[in-house]
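Chain naming follows the written order as A, B and C, and within any one chain the residues start at number 1.
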């Protein structure tokens, strides 16, 4: 018993000494304590609590980064010209309104523009910029109207003119679109434009 | 005492055995140690230090995410037409320069554009794109000047013409603005444009 | 020995009592345990493991934030006019195609546009928007072609006209560029535009 008693003494003393020489980072005390394990448990609990709180914040940060990246990578942008070759030909006049189809695609990120129909369909909700430009001879009126769904937004217009054999016109708009909204250029009834690879164009992009 | 001595022996032995069978994740050692509590305190200190460092980094990440989101959500974009109904009427000529007021607002994110005054006031510093377009009859000169504060930036201009009864013109610019900078379209003295809902327009957005 | 035995008793009892009154956050048990240090070590190991995992996630978040910020700060945007003073003069016609140099720089973020050569060189790969606009007298044909490397993209064009003394034209395009791609406005052979500080312009920006 004396031997084991002395061994106990050594062991317990070593425990207490260990405590004495370690500094509690929270209290800063370096003196020995009678409740080293209790203190450790308290500390561990505090750290576990903070770890849980930090993990919640980290999760929140991660989900916001995902959201930011998804916005960052949502690229919607297109440009197209009527096509018609180098020289081209007049498009119209027709007796009724027609969607002007821009067949020569310069770019179409996000695949919103359909070069078969001439219609841009918003792949995502957001604020978009659209631009259209025409070149046309003077024999007929020119009237291109930018349409959102069925609403007239902006227009390029020119009178017929026997004196001036050709003219140009452009217009643009910023529109807030819902996903699926349709935007296109309408060639108004009884009007015409010149269609070749370069002059009459339609473009747009998500801001 | 023998009994309690034996009990002590059991207890302290159990402590030491516990240590012996647990592996220190840092050192990987599985051998018993005479300073288990000291090791725990050391480990706890190291973890607390790392936890503090991680919390600092997490805070920094959070504040950078807030900054990124604020940039992401700073949407400034507007478009407006002169208005004037479907048919419309000439605006001008006037004897002095006038700010051209675009009364039919197509969009106005960030509320930078004032449809009463025709003036866009930059809500935040940044790089902006502006576009303007006119349609006008040939009876008078056309001169629209895009103004930043009091500086002429770009212009659409047309001579009077008895031969050509109408014409179009557009221009655009990229400008770096300070918060509060003013941008507007000036209808220059003794010139006119056609004002209806669709043809004469002003738009802009923060890049 | 009796005294020290009692002291041991007190110490060890205090350890056990400490455990008894502290709640294990994981198991929720408040009863005394014979393996308090073992439990602590287990807990510490679990926390360390989670800390390591969280640090990995934090590092990942930090690197994604850096990436987002770098994209956020890649601003490329420019605008320039031909220059030529307030009144200006015709530019062209010349017997061969010429790059039209826009000497009055309105803005040039990212330094992509060179006002000596008239050429924009994409500083980074990406999707860009370009706009050009001309004003010109009627004595000669007008033909400005937006060129990417050597490809014709869009054009503004006008016939010569003795009746109409001046006209305007604009066009625009969205283009996906590789770093180093060249974009410029070509004044086509035997055509002219009017060059002053405000009317004939070229601008572009990275979307």
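Everything below uses one rule, namely that a residue touches a chain if its C-beta (ideal position, glycine included) is under 8 Å from a C-beta of that chain, and two chains touch if they have at least 3 such contacts.
Bear in mind that the values here come from a model prediction, so they are computed numbers and not experimental data.
Mostly differing positions are employed by chain A and chain C in their mutual contact, as under half of the interface residue numbers are shared between these two copies. A rotation of 120 degrees, rounded to the nearest 5, superposes the Cα atoms of chain A on chain B. Centre-to-centre spacing of chain A and chain C amounts to 12 Å, using the average Cα coordinate of each chain. In chain A, the residues touching two or more other chains are 1, 5, 8, 12, 36-37, 40, 44, 47, 51, 54, 58, 61, 65, 68, 131, 133, 161, 163-164, 167-168, 170. Looking at the complex, you find that chain A touches chain B at residues 1, 4-5, 8, 11-12, 14-15, 18-19, 21-23, 25, 36-37, 40, 43-44, 47, 50-51, 54, 57-58, 61, 64-65, 68, 71, 127, 129, 131, 133, 145, 152-159, 161, 163-164, 167-176, 207.
Against chain A, the residues of chain B that register as touching in their complex are 1-2, 5, 8-9, 12, 16, 34-35, 37-38, 40-42, 44-45, 47-49, 51, 54-55, 58, 61-62, 65, 68-69, 72, 75, 77-79, 81, 106-107, 109, 131, 133, 135, 161, 163-168, 170, 197-199, 201, 203-205.
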